[in-house]
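For reference, chains read A, B, C and D in written order, and residue numbers begin at 1 within each chain.
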Amino acid sequence: MILITGASSGLGAALAKQYVSDNENVIITGRDPSKLCKVSKGLSAKIEALSVDLADAEQVSTMFDSIPRPDMVVHCAGSGYFGPLELQNPNQIRNLIDNNLLTTIHLLQELVQRYRDKPTQVVIIMSTAAQTAKAGESTYCAVKWGVKGLVESVRLELKGEKMKLIGVYPGGMATEFWQTSGKQLDTSSFMSAEEAAKMIKNALQSTSNGYISDIVVNRM
Amino acid sequence: MILITGASSGLGAALAKQYVSDNENVIITGRDPSKLCKVSKGLSAKIEALSVDLADAEQVSTMFDSIPRPDMVVHCAGSGYFGPLELQNPNQIRNLIDNNLLTTIHLLQELVQRYRDKPTQVVIIMSTAAQTAKAGESTYCAVKWGVKGLVESVRLELKGEKMKLIGVYPGGMATEFWQTSGKQLDTSSFMSAEEAAKMIKNALQSTSNGYISDIVVNRM
Amino acid sequence: MILITGASSGLGAALAKQYVSDNENVIITGRDPSKLCKVSKGLSAKIEALSVDLADAEQVSTMFDSIPRPDMVVHCAGSGYFGPLELQNPNQIRNLIDNNLLTTIHLLQELVQRYRDKPTQVVIIMSTAAQTAKAGESTYCAVKWGVKGLVESVRLELKGEKMKLIGVYPGGMATEFWQTSGKQLDTSSFMSAEEAAKMIKNALQSTSNGYISDIVVNRM
Amino acid sequence: MILITGASSGLGAALAKQYVSDNENVIITGRDPSKLCKVSKGLSAKIEALSVDLADAEQVSTMFDSIPRPDMVVHCAGSGYFGPLELQNPNQIRNLIDNNLLTTIHLLQELVQRYRDKPTQVVIIMSTAAQTAKAGESTYCAVKWGVKGLVESVRLELKGEKMKLIGVYPGGMATEFWQTSGKQLDTSSFMSAEEAAKMIKNALQSTSNGYISDIVVNRM
């Protein structure tokens, strides 16, 4: 089973559709049940949708109690918030931290507690903003660098275990992410979520002795 | 005037004492008024203590309304929380994020809003954990990497401005930090807060055309 | 046409075989004609072997004069040399620099001069040693960090061009690389060159708007 | 005794003058005897000049045979070479590698062989180009990233030893470095070598339990 978080739109939704059309069992999560419903509607019976707020540790734990062990987790949940630091709003900064950093901490904590000795691929979708500093994206870079610091440290804690963390760093995609983030952008030459999903899915390779552990996806 | 946050103990308190003995005007902040009082007691009249929770944006704003423009800010506020991810407590993780990442966002936001065009040195005390991943310190690395991503991005937003951000990355010091973090350590060969404070203070050099922008302090 | 350097053994040879069996036109290069011959022998007529020393700028230029424009270049040429710094031999250090850093500079220089405005994928095979420091691998890390600094800078020079640089960072593979590097290792659990080649080939995805720009391959 | 390499001009010469006026015993090295002579002339008897090409391993070894054990080494030797990759000259690229990467390898190798267990501070002057990629500086970044990879790896080999490596990363200074590098620049607002030398010298602090291990110096 493949668990995809943040799958109510964008890359997560695109990945869900592609894995379902590969005939995989897929469970998708998001905070908005009606959006999730739109994603799963029309797809095969092999997709299930769960409404969960991953920023709430208890909801994450309850979710894992209710589903079988995933073979792969693709953590796409996250949100953007942009603009010069001096114009940012404290409440939205708090949401940004919760949606990106806290969700990932809770998710990884549950996964490590439950399945560290099982062959589980945990794919963490970050952003090129996790690898570089950007003017106008200071708090977004902060939470994405934070997620990267978490992932790299948990990797060290998982040394020798069967659970593997895979870091994915996509550049900008043409999704509704931008509208909700408050940033005005011409995204006409950006990758679509479907393009990025296809490349990432194909790049997630492994063999008995090795695996692709990190992937950066950039715009042309 | 020099504003020192997180000055109720450890490196912040040591820096406060040393700047006061250099005859500088110093304002120290912390969350615990009695601890702050212990630090300032016995020092010259040139030190003032303010009880502020920097994780609360409004308190940060109110504080800057009540004090003159600082020539230098040394942001030492922060806390540690350690252990394997699977044993960490969600409430303490939340505190860790608030004490380290959120405080720095609020402080930098106020400083940039008010004084970006003034010659202000803003010294952000991070940790070597902001530069490297560490097993047993996953959430601590997460928040410190987050602060670094913030600082590097805000630097880009401040390009050409007179305000300068200075990053300081100390390794482990023998302070009460460790007791409150839940980590058992023999710190007998660690730097004392006084040693680290002295080195950092001396290393914070600038001339009319340049300045030391980043400093790493390590144990022998 | 796909040009593969350093293809007389290891990852380069494995990639050559796999691209040939995909029915691609492949040109392989190496310094040892007899080794190259062994690789191409028995493969289809679609492979051609050129004996070139990429550390010699003139030979690189002459080679590109004699072949058509490649659609993809996979630069696998390189060698290892390990051990504590104090035991290393100056001549072998010189060879290490020539085989890894100088070859890549010459290759990139010719490619950029000739084909920067053509849709050319230039895949630079580095190593996880380009991303992290390692005791016992100081000069190897030096040359690999050097190649990474080169690649990241040339990417900036190629902004907006059709030529794209792709960084690949494999961990240790079970190849004859280790015997020639002087390092004794049990490589029985390492990836084979064939495993790594297959994963990398499949991960090298692109669409009209985006591409996988960086790939890390690790051992399980 | 303080050994300063690359001291015939720029930062190295400025550091030599300042350490001599602190009454330290100083040995300076460079490749051009007449330039070295100009630096030492007029200074106290406490400075000695040695003409050495550090890119030649044997000359480095011979030099250390002829001088007492240094308490501190400041490695300033190096050269610049700039411009888009496609316009660079293979011979000058070779010189760039030799002057920056090879010199540092040879120097560190001798120091580690001879004095790893002695309290020796080895200060490696790199550049902000060792920390970031820059268009128009691809080969310069390559060699500086290479030096950083070397330094970080040798640090791991020196764990627990008394010899300490200190990394210094200066931004652009107004020195004759630029004229010899072929880059046209208005350096009127750059730090002078004297300003940078003073800041670096003051920042090189240590106590019995700790030391400043890395320093970045930037332009205002």
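Methods note: contacts are C-beta pairs under 8 Å (C-beta built on N, C-alpha and C of every residue); 3 or more make two chains touch, one makes a residue touch a chain.
Fair warning: this is a prediction, and the values are worked out from it, not measured in the lab.
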Path length in the contact graph (chain A to chain D, fewest steps): 2
Copies chain D and chain C - interface residue numbers shared by over half, same or different: same
Euclidean distance of C-alpha centroids - chain A vs chain B, Å: 32
Where chain B and chain C are represented by their mean Cα positions, the distance between them in whole Å: 45
Touching two or more other chains - residues of chain C: none
Touching pairs - complete list by chain label: A-B, A-C, B-D, C-D
Chain C residues touching chain D - in the complex, by the definition given at the top: 57, 84-86, 88, 90, 93-94, 97, 101-102, 105-106, 108-109, 112-113, 116, 130, 133-139, 141-150, 152-157, 159
For the chain B and chain D complex, residues of the former touching the latter: 164, 169, 171, 189-192, 195-196, 198-199, 202-203, 205-220
